[in-house]
Every structure is written in structure tokens, then in C-alpha cells.
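In what follows, chain A forms one complex with chain B and a second complex with chain C.
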Partner chain A sequence: MRLLIHTTLFLSVFIFIGSSRIFSVEPSPQVQADTLVNTADTVGVSVAPVTSLLVDDYKYDNGEQLNLSWVPSIDDQLIDGKVSVYRVYRITNDSTRELIAELPPGSNSFTDKNLNRHDTYRYIVAAVSASDDEVLSTTTEPVQPQREWINFRRGYLFLLALIIGGAVIYYIQSARRGKKLFVRKIAGLEAVDEAIGRATEMGRPILYIPGILDMDDVQTLAAITILGRVAHQIADYDTKIRMPVSRSLVMTAARETIKTAYQTAGRPDQYSDDMVSYVTDEQFGYVAAVDGIMVREKPATVFLLGAFFAESLILAETGNSIGAIQIAGTARPAQLPFFIAACDFTLIGEELFAASAYLSGEPKALGSLKGQDVGKAIAMIVILVGVIAVTIGNAWDVKFMNDVKDMLTTIFSTQ
Partner chain B sequence: MRREIPLLITAITGIVFVLQYFIPHAPFNKMNTWFSDWFSIVGAFAIWLGALNLLKISFQKIMDKKSDWFFALVIIISFFVITIIGFAEGQGFREPGTTFSWLYDYVYSPLSATMFAILAFFVASASYRAFRARNFEATLLLLSAFFVMLGRVPVGDIITGFLPQQYQLSQVASWIMTFPQTAGQRAIMIGIALGLVSTSLRIILGIERSHLGGGD
Partner chain C sequence: MEHVAVWIAAFLTLGIISFLYKDNPWYKLSEAIFVGISAGYWFVVLFWDNIYGKFWVGVFPPDVVDEAGNFVSHGVPDYALIVGAVLGVLMLARLLPGVGWISRWPLAFIVGCTSGLYLMNYFSSNIMRQVQGTIIPLFGIGYGASVYEIIGNIVIVGGTFAGLVYFFFSKEHRGAFGATAKVGIWVIMITFGASFGYTVMSRMSLLIGRIDFLFGDWLGLIK
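What follows is the complex of A and B.
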């Protein structure tokens, strides 16, 4: 496994470094249009034509786009400009020209999308005067869109993902080999035992709310993975769990999770489908139902884990009013202050994702948490270098620092 | 097989989603849309599971004469009324002037708005608890909130009108929001992004299986 990881890493770095030279995509045919105005098309002319019309392939796509650029007409001025619009014409193969876009004055580029890479395209850009007189540029040479296998514009991100992903896998392997890993205590997760124990002692149910998004959101997935651990403990303690959900798929996934947890705990007979119930997809309808359950059934413990929006404070404050011990967690920064204000414990952002690994205590799961630290170290170094580069670059106009700033901007650009 | 097939589907889907971000070439460029469409189709069918579950539980409540069974009756009546009217009015059921849109505008919307409006009172009660100056951090929070809230209303600048413009409350509030607040939020966002990577890898590699029913 270790050999495989090292080989993969080596190959990826090699491919990455070599990519710009070895696998770089040759620039597609670039054709500069003749800048002379076709006099046959300029009867009643009142504006100058666009010049330097260029068409080239849109880099790193599936061969469906072409880029056009030109120098606007010299009559296209901010004050007293004579150009009212630019018209872009396309000639597919040898067919007649068709109007594909009208652009406002000042425009100097256009991306033609949804093309077929097997066809050839030629373009003309017309400057149009206020009296609707068109002055055409001459037609560009025929160009075919090219398709590429790899988006090298995202190459740095790929390398970064590879380093962080590689670190996570490395630490998982280290943990598997028995290496001791230190994971700091997370108060909210330390309190899970206590919260379940409290509900057991009080003979009241535990309310588990997995947010209001569907199973395609990773926060919901994190909430369901934590549910697996919590449900196992609930089954052990023979406590009741109540889980109203706002999505049908979450209902089926949660039922499956709780059912297996009860089976693993040796209490399959205690499980019931009624533990998880669907309420509604509507945000405030769901909130009304959950608030009603809280007020009527007075659960001793409330878990609010997952993706929450405006309902976060309504739910947390209702839980607070009934005296429940509340453990909340979300990866939505805007909702965190509400949870911190109204709940006893809050899992902030990454802690929500770490919860399942933390609760399981399994070395390989904990190893993945350690791998995140490599990412944090990279983030810290980059922030530090970036701050120094921007500060010195702006204050003293040092070229090297400006280059560093530009390089970091390129690396972390997500286009 | 009951565990292996979902694990395999998860792994393949996860890897494809990563690849399609870096490969613009067909078929990878279409896979994101395909998977999203498939998810929507599964979700559309699953909604009946949810609706049937809601009806089953509500009917059970009425039959067993459980406490608050009346609310279950309201659910069932509302469910059938809105469903029957929606189907009866056909494709244009959302157009203005239909009974469906009347129910939406004059029953559903006010009820939703009422629930949302409760938030105002909860913000007040939560702020009261959060802004008590019990320790150094809570005092900092209190002071920041004081400056931001006062700086966001015209009276803030009137009170501090005698100070140079950069020290007036609106400027202080925007400084707090632009620098310390943004810095804190970005730190949380970086943590969340790394947590996402780690969780996704655990799920794709099959290390995290508790969403399939806990344990190994």
C-alpha cells in the first residue's frame, strides 16, 4: 500500500511538473482577421470597423467553445460614441452567416458556446451605427474547437488535493500500523455520553435533528454518520430516540442506520420504524412540527447536527426553553453564533466532520483527522507568505513580492 | 453484499466526481449532471415514501386516540385538500386566481411567515444570554456587538459626530465586520473545507461506514 501511495505521488508530481512542457496543448489555429473594411458591405458607412479580430480555441474544454476578441471601432467612444451595438455573425462550415449575439458598445470579446467540434466556424463582427448601418470586419479563417483531456488550469489545485489527500491516507496507514495519534478533546463530543445518560435517567426521549437538507449534502451525511454512533449508545442504554426529518431519503437512511445500530447492540426487538418520521420538505412547516414535538414531549437531550438555515435559532431556543441539554453542530458559519448562544455545546465547522471518527475512536478514522493538520499547516504557511508578499509588495513595490502574490493568486484560482 | 454494493457505488461516484472537476473531456463533463439528475429522480420517488409515512403515523394517532390526535386530523385533511385541488386544477395550478394559489397565498404563506417572525423574539432572548459579560471573551463579544449594532443605525454616527470620520461608529462597525469578523469566519471556512476533504475520503475509501448502519 505504502509503495502504491509513493508511486502514485511520484507519478502525479512528475506528470504535473512535466505537463507544461510535455503534454501542453498546442495553441489552436489563431487567425487574425484582415483589418481592411470590405467596401462592398459599407455602403452608407458612418462608423469605423472593429480591427484585429482573433478567434482561438477555448482552452481546456470538451471542444464546445471558441473565444473571439477584437479591438473596438475607433468610433466606439465613451462620450459621443457612434457605435450603437456590435453584431457577431457565425458561419458554420460553408453555410450562410447567422447572427449569434448583439453586444453593447465597449465590448471586445465573446465566447461562442455549445459548438460541435466536428464543424468548422468562421466569424464576422459588425460595428453598427445609430442609423443601423453595419460595417463588417472580414471573415476569419475556419477554426475547429479542440477538446482536451485534462484541465491544466486546475493543475495546482490537483497537486494540492493530492498532497492533502495523500497526507490523510498516509496517517490512516500510520494509525493502522499502531502509531499513537493525539487528538485534542472536543467538549461537545465528550458531552454525548452525559447527554444520553441524562435522558436515560430522566426517562425522557432524545430528539435528533439532522438539518433540513437532503442526503446529497455532506453535512447531512455527517449527521447520519454521527447518528450511527449515537444510536448504538442509545440502544445500549435502552433510551428512546425521536427523529423527525424533512427529507424522505434522509428518513430511509436514518432508519437503516438506527436499525443496524440496534442490531449491533443486541437489541433488534427494541427498534421501531416510528423512531424516524417524515414531516415535510417545507422549512417552516418542519420547524413548527419539531417545535411542537419539543414542547409536547419535552426531550431531555436535543441533537441539532447538519445543515441549518433561518430555523437554527428557532429550534435551539425552543430546546433551551424546555430545559433540554443541547448539542449542536453545523458547517454553516452564519448559523454558528445562534447555536453558540442557545446551545450547551456546539461543534464548530470541522468538528462536525470529525465527530464520527472521534466518537468511534478507531485508529484509522482518527488518522484521517491527523491528515487534516497537513492541510492546516499548508494554509498557515500560505496565509503567512501571502500577507508578507502583499504588504511588502504594496508598501515598497518589490517585484519579487509582487511575483509571489501573483503566483499564489494563480495557484488558488478555481477557474 | 448488502454493505459492499452501497460502498462500491459510493466509491465510484466519489472518484468520478473528483475526476470530472479536472477532466473536461466527455463523458466526464456530463457526469455531474447525470448523477444530479439520477438523485432528483430517486428523490422524486422517495417523496411518496415520506408522504405515506406521514399519513400512516397520522392515521395511527387518530385510531389509537393518542394525545393531540386532533393535530393529526388537521394534517390528513390539509394533505388531501391541497393534493386534490392541485390535481383537479391541472397544469396551471400555480397560476394566480386558482384555488391552489389562494390556499398558498392566504394560508400557507402567512403560517410560514408567522413561524419566521418568531425569530425576532428568539434573537432578543438569545442575545440577552450571550451578551452577559461573564468573562473576558464574553465582554469582547458584548463590546463588538454594541459597536456593530450602534454603528449600523444613523444614531451611531450622530453620537460620535464630534470625532474624526474614521473613528465614527459606522466606520468602527465596518472595520469590525471587515477584519476581525472576516478573519475568524475564514479560519472556520478553511477548517470546514479540510474537514470535508477528510470526511469525503473516509467515505469514498469505505473507512466511514456508520451511515450504512454503524460498525465495521
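What follows is the complex of A and C.
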């Protein structure tokens, strides 16, 4: 029955997405439009108009940009140019024209950004003389920005992602075949068992703060993943966990995670929804409530894992003042100094993401971690080779080295 | 009325600050008011921004009119938003006994989409740009950089490389590799030190803002 409902739901969503695509078919791409010099609309003739104005779609974007190009006014090409500025006008749908850019003499192209792919646009480029007389080009044909599904400019990015993704799959398969994958010790995580044990001995709860961002932040995801392991151990030790959160989705995910951990530990009856409670989305309102919980319930251990902002030091200092063991971790560089200053152990950046793999020892997580290390190894090698190439190429103008540098710059370009 | 608002704000500000002394009823009252009001406020904001502003207006868009209020065209509905609405409703399934597991679907959707979307963004910003920004000349005959620039470039390249070594988890930090990792963590800590000082100064400005409110808007001692 459950399988049937799963399948029905999945097919419904799939069919709906498919049908919405069919019913929202884009109008066919517009043909490039250009202008004719001879038909230029002039106002107070003093300079020649721009010629061959072309507008076409900006390739590989989300349908938000159009490219304009033109041949500058003949009066701009002479040594003693008479053109003081080019004005680019946009006409959206059938509305009046709107000045969108003023470009210096010599300009022959412009990219219009932040457009709506459902609208059509026409353009006029005016050559303006020193006495502010405008000479307009003819209006282009209406053009609609097009959305492309694949950005082929990011081919190298895709290739690198494939290499690293392939490495992840390779290591996951290796781990599943029983190969032992080595991961070095991470100091903060070594202390997790000790911290939970301490709370158990003292008979006090454990406070778990997963940051203040929602489930669409990768740090929150990491915090929830670590929570699974921590909750399992808490269930084993029969200790209490208290988890105030500032996002409703995080509350739902955390409840599911803790519930699963308690079931896995064979103590489903000990689980309660009250372990996780929603406070407020407001940053400092949440901080005020958590501080209050800290001083009233005096948890023996505090986990501060996830995305933190200005509240990091307030929370860490309050935790410190009640004598709790604090294990913190975030990938936000501006908050890490506060955690390092006020907490007993801090997971720095990537260590937060490595923590779940380290704690669980599961093939999937370990394989992922090892695959990421392949990415880091590639980055280190490229940096070394690139720096040597660019240094020698700069110093002695060695063509081969300059070629290597150009190749690496192209591969690692994000445009 | 404005005076009453200033007095209430000052009362609650001092209530929150009183936490510095110890937990007390004044703080508890301020905390409860803060949490309650902010939770209600965010409910209203999220309702009007998301459920009404994005979903309702997106699926049932108003007609497009010109400046004179004349009809121009019908709005274009975005039916894909219904998928999000359905997933949102499925979240409420956890309130119904027996089908609570359905609420895992939207959660799985969010977590999966987030991972996929962020993968390329992080890959682009944390690897590609970082590598590209680190490929710089250290020194050279025709380079023409000052001694300070050359030292700066060496620190950038060396610091980035050593930092990467520190975050390499597949090898034990021993020998030359361990020494490089140690350099990496030193670079990171020095960076954190500078960041600490910088951020503390910005926090001071927040404190100054509150004191300015108390002594200016409330007591009128600062003109």
C-alpha cells in the first residue's frame, strides 16, 4: 500500500512538472534584427548615426539578457570624433522608450541585463553630438530573451565535477567492498562521546543548536546529519536532548532525525516531539530564548553546529558561563573566531562537513569525503603548476609556460 | 503615542540587558514578549510574502494595466508554483496519524534540491575561483612588483596551499605534510585573529546604537 502511494505521488509530481513545461511553451526565437542607416530617424543632424545595429539573445543564460552590437558612427571613427556619447534606448513590449545606458565614444556593444523572458524588447542606439543633438538608429525588430537549459560555457566545470563525482563513486564502491578508508582524526569529534558521557553522568540535558538558517543551507544539512549520530548515542545513554530551532522546516527535519535515531537505538518509546521546539524566526528573539534555556536548564553539553551570524558569541559566551562543554562548528569565517575563543572544541569550515562521515563511518559518507579530497589534491596540484608557470612565464617570457598558464586560467574560469 | 513606544522600547531594552547581571523576571518578561511578537510577526511576513505574494499572485496573476488603468493583457500564471504548494501541504501530513511519513517527501525534495543546486555554486566559488585567484606570479625579472607585493603574493600562495593541506583528511598530519598543515592552521588562526578584532568593532557599533537610543531618544541626554 505504502509503495503504491509513493509511486502515485511520484508519478503525479513528475507528470505535473512535465505538463507545466508543455503548457508553457516559449514563443519561437525571434530572428536577429538590424537597422538600416538610410532610414535613420534624425533630430538635428550633426553626426552620422550608428549602423548595423544587431540584437540577439545572450547565450546560455536564464533568459535575462540580450546582446546589442553596432558599428559606431562614422563621426566617431575619425581622429577628431564628434560623438560625445551613445545612448541606448529600450522599448519593452509596446511601451514608450526608456534610456537604459550612456556609453562613451568608441563603444560598439552593450549587454542589457535583468530582463524578463516573457517580454519582448526593441532597441534604439543614438549617437549624440557635443551639442546634445541625438541621431537615432531605426528601431530593431522585437526580440525575446531565451532561456537555455544547459550552460555550455561551464564545460570545464562540468568535467571537473565529473572527475570528483567519479572519485566519490569509486571510493563509495571501494568502501562497500570492504576496503578500509583512512580518515585522519578530527579533534572536535573525538570529544563528542566524552561530552555526551559527561551529560549522562551529571544528569543534565544536552543542548543542540543547529544554527539559524533553514534546510536550504548546507551547514544546516551538515548539522542535522551530525545530529543523527549524536541522537543515537544520546538514546543509547538515555540522556535528555533539548533542541530549540528557529525554522519550522528544521524542526520537522530534526524531529525525524532524532526519531529515527531513537528507533535505531531500540528506544522508540523514549522519543518525544518535545525534544525539538520551534522558537521564532527572528534572530535575536531566538538568541534571547536560547540564552534563557541555557541559564535555566544548565545543560552539561552544548552543540553549536550550523550557520551562525552575530549571535555566535552571545550563545557561546552564555554556554561558557554555565560551565558546559561546548562543541561548535560552522563554515562562516567571520564567526569561527568567536567559537574558537569561547568553545572547547571547534570544527573549522570543512571539518563540519567531514564530521558526519567521520562519526558514522558509513561507506557513502566516507566515500564522499575521500572524493572531496581528490578535488583538493587537484586544486593543490593546479595551484603549484599554475604558480610556477605564471612566475617563470612572467620572468623570462617562456612561451610554453605562458601557454600552460592560459590553459589553466581558461579551465578554471567561471564565466 | 510615540513617547509611549519609546518608553516601552527602553523598558524592554533594559530588560534584555539585565541578563548581564543574571536571569531575572524582567529578562524573562522581555524575552517572552520578544519571542512571541517576533514569531507572530514572521508568521504574517511569511504568509504575505510566500503564500500570497509568491503562490497566490503567481498562480492567479492580476491583469496588466497601463498607467491610466486600462486593460493591457491578462497576467501569465506560473502553474509550476502549484508543485511547491502541494509539497507544502504534504508537510502537514505529519499531523495526521498513519500518513505522517508522507511529510518526508517534501523534506527529501528540499534536501535533495538544495544539495544539487549548491553543489555547482560551491564548486564554482570554493574551488574554481579560489584556484584561479591563487595562480599569481611570485616574483620575476619583468614582473615589476614591489617587495611588499611579492611578499604578499608568497603569503597568498603559501597560505592557500598550506590551508588546503590542513583540510586534507586522507593523510595523517605527520612529517613534512604535518608541518605544512601546521603552517596552514597558523595562517587560519592569524586570519581569525584579524577577523575577530574587525567583527568586535562592528559589534561595538551595535552597542553604541542601543546606548544612543537609551541616552538620546529615551532620556534626551544626547542631542
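Following the convention adopted for this analysis, the second predicted complex is superposed on the first by the 282 of 415 C-alpha atoms of A that agree within 3 Å, B and C clash if a C-alpha of one lies under 4 Å from a C-alpha of the other, contacts with A are read in each partner's own complex, and residues count from 1 in each chain.
Everything that follows uses one rule, which is that contacts are C-beta pairs under 8 Å (C-beta built on N, C-alpha and C of every residue); 3 or more make two chains touch, one makes a residue touch a chain.
Here the structure is a predicted model, which means the values were calculated and not measured.
Enquirer: Mind working out whether A:Asn394 is in touch with chain B, chain C, both or neither, as first, second, both or neither?
Expert: second
Enquirer: Of the two partner chains, chain B (first) and chain C (second), which one does A:Val279 touch, if any: first, second, both, or neither?
Expert: So A:Val279 meets both chain B and chain C here.
Enquirer: If you stack the two complexes on chain A, which partner ends up touching A:Ala354: first (chain B), second (chain C), both, or neither?
Expert: both
Enquirer: So in the superposed three-chain picture, is A:Glu256 touching just chain B, just chain C, both, or none of them (first/second/both/neither)?
Expert: both
Enquirer: When the two structures are overlaid on chain A, which partner does A:Ala231 contact: first (chain B), second (chain C), both, or neither?
Expert: The answer is first: A:Ala231 touches chain B but not chain C.
Enquirer: Once the structures are superposed on A, label A:Val218 by its partner contacts, choosing first (chain B), second (chain C), both or neither.
Expert: In the superposed model, A:Val218 contacts both chain B and chain C.
Enquirer: Under the contact rule defined above, give the chain A residues that sit at the interface with chain B and also at the interface with chain C.
Expert: Looking at chain A, the two contact sets intersect at 154, 161, 164, 216, 218, 221, 249, 252-253, 256, 278-282, 284-285, 288, 292, 296, 310, 313, 333, 336-338, 340-341, 348-351, 354, 369, 375-376, 379.
Enquirer: Taking the touch rule as given, give the residues of chain C at its contact with chain A in the complex, in rising order.
Expert: 16, 19, 22-23, 27-28, 30-31, 34-35, 37-39, 41-42, 46, 76, 78-80, 82-83, 86, 91, 94, 101-105, 107, 110-111, 114-115, 118-120, 122-125, 127-132, 134-143, 157, 160-161, 164-165, 167-173, 188-189, 191-193, 195-196, 199, 203, 206
Enquirer: For chain B, which residues are in contact with chain A within the complex?
Expert: 18, 21-26, 29, 36, 39, 42-43, 46-51, 53-54, 57, 67-68, 71, 108, 111-112, 115-116, 118-119, 122-123, 125-127, 129-130, 185, 188-192, 194-203, 205, 207-208, 210-216
Enquirer: Can you list the chain A residues touching chain B in their complex?
Expert: That would be residues 60-62, 147-151, 154, 158, 161, 164-165, 168-169, 172, 214, 216, 218, 221-222, 224-229, 231-232, 247-249, 251-253, 256-257, 259-261, 263-264, 274, 277-285, 287-288, 292, 296, 310, 313-314, 316-317, 331, 333, 336-338, 340-342, 348-354, 356-357, 360, 362, 364-365, 368-369, 371-372, 375-376, 379 of chain A.
Enquirer: Which part of chain A faces chain C closely enough to touch in the complex?
Expert: Residues 2, 5, 9, 13, 16-17, 20, 23-24, 118, 154, 157, 160-161, 164, 182-184, 186, 215-218, 221, 249, 252-253, 256, 278-282, 284-286, 288-289, 291-292, 295-296, 310, 313, 333-334, 336-338, 340-341, 348-351, 354, 358, 369-370, 373, 375-377, 379-380, 382-384, 386-387, 389-397, 405, 408-409, 412-414.
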